[in-house]
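In the two assemblies presented below, subunit A is common to both, partnered first by subunit B and then by subunit C.
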Partner chain A sequence: MDLIFNSLPLLARGTLTTLYLSAGAIVLATALGVVLALLQLYGGFILRALVEVYLYVVRGVPLLVLLFAMYYALPYANVQIEPITGGIAVIGLYFGAFMTEVVRAAVLSVPRGQWEAARAVGLTTPRILLDVVLMQAVRMAGPPFVNTCIMVVKGTSLVAIIGLADVTYVGKQIVERTLAPFEIFGAVALVYFVICFGLSRLGQYFERRLNYVH
Partner chain B sequence: MSTDASGSLAAPAEIEIRGVSKWFGEHKVLNGISTDVKRGEALVVIGPSGSGKTTLLRCINLLEEFQEGEIRIGGDAMGYTVDAGGRRVRRSEAEIARMRAKLGMVFQSFNLFPHLSALRNVALGPVRVLGVPPQEAAEQAAALLARVGLADKADALPGRLSGGQQQRVAIARALAMKPKAMLFDEVTSALDPELVAEVLDVMHQLVQEGMTMVIVTHEMAFAQAFAHRVVFMAEGEIVEQGEPARVFQDPQSKRLQAFLKRFKQGYQL
Partner chain C sequence: MIDFSFLARVAPTLAEGLATTVLLAVPAILLSAAWGAVVVMGLLARSRVLAAVTRGYVEAVRNTPVLVQMFFIFFGSGYAGYPISGFTAGLIALVVQNGAYAAEIYRGGIRAVAHRLAEAGLALGLTPRRAFRIIVLPIAIRNVIPPLSNQGVLIIKDTSLVATISVAEMTFHARLLADRTAAVFEIFFTLALFYLLLTALFTGAMRLLERRVRIT
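Let's look at the complex of A and B:
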């Protein structure tokens, strides 16, 4: 018990890093997901093809490999970025591909009649997307969006391997000094569980708030 | 209103349909349709399912593309123009949207925006398309909801309304754009029988106010009582048309006779 108590300040700092990485990556992935999904659905031939290539590449390469590429390969190309910024960028770009699928499916789930009614009123496509389709897609996207956010939070643990002091990395360091893996990794696991459980509950709350009888 | 021998009103044409043909792949669903809808006229289109009547209605505001012929709204060509080389070219999305705004459309399945209150459903078009200030649009929307008997439902989401109420909101939404003409696509077909009358009442009121209307419907009693002219379509063509009394009491073509006979018989064991 003492052990965990003494480790708390370190674990807390690691947790903050994890939260910071998660929040940054979720924001980036979501923005990317909305833009890429709309380009894929309504962009011209070239834009659609570029998005497809991006999605295939990201889906086909493990997150860890992308992190290694950022951490070890970019310096050779004379690109210097802060590890934490690079971590957010890589995780955000990676999960942006999954968010694209989430947004695309939600947009496509809006019935055709909604488009027709909006067109009949005289709205143009960008306005229809903003006022009618995306407003409804948000509700449809809720559960899979929260799901992807949870994957992002857990995915951030991989940055421990490239030496970023997130809660997983800090836990590993403490275990190496204290030789108490059960207690420390138990605490680390609890941190992830609490964040993800909180996200789930937040998702459920918004789902209820956005609910309307169809 | 005075009508001539063919049942058309003596008024300028609001909607001109000239030789319109449409194919779905190999299948020709509209075969050279021509007719005018005069200003203030209530035109009812009847016919068996698959006759192309809904498709024709949807061509008028270009929810369906058509490959031949032309449709003019207030003299302005809908959807396509002919370029210098004589080729038929589609008009820009902005032009098409602007023309659609002049036509109100009401759908069989209501298609209200489920995330917006009745009032905001009605006010959306005026604010976004006509540039009416939101406060003014809200006042106009409230007045329109009152006109269709739904003054107390302004804040209700569509999901909380009955089918008949939703359809009346949809009519108010279309009227909010101050359209030159209204298009009704089987607007009572998805309603419970006891809710049909409240929607037909609103439409009857519009006929009396002189709104130009094209109504695709199976409500023969409504057509007989309130239409200025009835068009009977079958297999993508206008088979017969005229004043409702003539069309219903003295059908000339075999197909219309058969169609009306089936309707009069109704459901028999």
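Let's look at the complex of A and C:
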């Protein structure tokens, strides 16, 4: 018990890093997901092909490999960015592909008839996209969006491997000194559980608030 | 243009790890699919207690990273006096995590089967058990192949994590190579190609399976 108590300040600092990484990566992944999904659905041939290639690569390559590539390759490429920014970038780019799927499925779930109806009352294409399609898609996307956010939070644990001091990294450091793997990794797991379970509860709340249609 | 001769230099080293990656991925996928079938029985159990306990397990593993689970099992087993290899710890963590996801996939696949089909079976005089086995299950199995295939790809990719508990699979070898040489772009490019190849082979096989069992 003493052990956990003494480790709390360190774990708390790691948790902050995890939260910061998660928030940044979720924002980036969501923005990317919306843009890529719209390009994939409405873009020209070349843009669509580029998006497909991107999705194919990200779907087939582990996040850890992309993180290593960033970690090892950036110094050679003479790019100097904060490791944590690099982490957010890679995780965001990776889960951007998953978000693209989420947004695409949601947009496609809006019936075609709504496009025609919107056009019939004289709305322009951007207006239809924003006011009619995306507004409804947001509601459809709720649960898969939250699931992907949970995957992002869990995915941030991989930055521990490239030496960023998130809660997993801090936990491993403490275990190496104290030899109490059950207590410490249990506490680390609990941190993730609270964040992820909180996210899914939040998602359910918004789903209920937004679903006045059905 | 880009010089692809490095492929010939990097590939043999990575190929050493390829066998380990495959040897880990195949049982991880098969055991996850099997363990998921056990877990879904718990989720759908008539006993409230069993269903609640299973739900607790599923939520616990789905909301925590598989990497932390690997550390927990690997370092924990050593501390408890029953040290297990990184390979075994990784395999257990992958199955514990992905079995829960597989169970949710099965649950969705069963729920997606139209209720009136089972009712029709009951009306014909089948027992509920038989109606489930010969009407619901065959359709549900076809429903779950695409999402299971996606999960399998995630498992293949997650096998890279065992590199951190000193299992010499592909990513581990790539990292050793990157530490020793300056050809990091080439190394990770080749490594990514290897993973793309593995996942493409797997999804291809799953698509064949899907086509074979399709009801026309």
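What to note about this one:
The criterion applied here is as follows: the second predicted complex is superposed on the first by the 212 of 214 C-alpha atoms of A that agree within 3 Å, B and C clash if a C-alpha of one lies under 4 Å from a C-alpha of the other, contacts with A are read in each partner's own complex, and residues count from 1 in each chain.
What we mean here is this: a contact is a pair of C-beta atoms (placed from the backbone, for glycine too) under 8 Å apart; a residue touches a chain by one contact, two chains touch by 3 or more.
If you're wondering where the values come from, they're calculated on a predicted model, not measured in any experiment.
After superposition onto subunit A, the modelled positions of subunit B and subunit C are compatible, with room for both.
Once the two complexes are laid over each other on the shared chain, residue contacts for A:69 go to subunit C alone; subunit B is not touched.
When the shared chain is aligned, subunit B comes close enough to touch A:120, but subunit C does not. Superposing both complexes on chain A places the Cα centres of subunit B and subunit C at an angle of 100° as seen from the Cα centre of subunit A, in steps of 10. By the touch criterion defined above, A:136 lies against subunit B but remains apart from subunit C after alignment on the C-alpha atoms of chain A.
Look at A:172: by the touch rule set out above, it reaches subunit C but stays clear of subunit B. Which of subunit B and subunit C touches more residues of subunit A: that partner is C. Of all Cα pairs linking subunit B with subunit C in the superposition, the shortest spans 25 Å.
Across the complex, subunit A is touched by residues 59-60, 62-69, 71-72, 75-76, 78-80, 153, 157-161, 163-164, 171, 174-175, 178, 182, 184-185, 187-188, 191-192, 195-196, 198-200 of subunit C. Contact residues of subunit A toward subunit C in the complex are 56-57, 59-66, 68-69, 72-73, 76, 150, 154-155, 157-158, 160-161, 168, 171-172, 175, 179-182, 185-186, 188-189, 192-193, 196-197, 200. On the side of subunit B, the complex with subunit A involves touching residues 61, 63, 93-94, 97-98, 100-105, 107, 109, 111-115, 124-125, 128-129, 157, 159-160, 170, 173-174, 177.
Across the interface of their complex, subunit B is touched by residues 111, 113-114, 116-125, 127, 131-132, 135-136, 139, 212-214 of subunit A.
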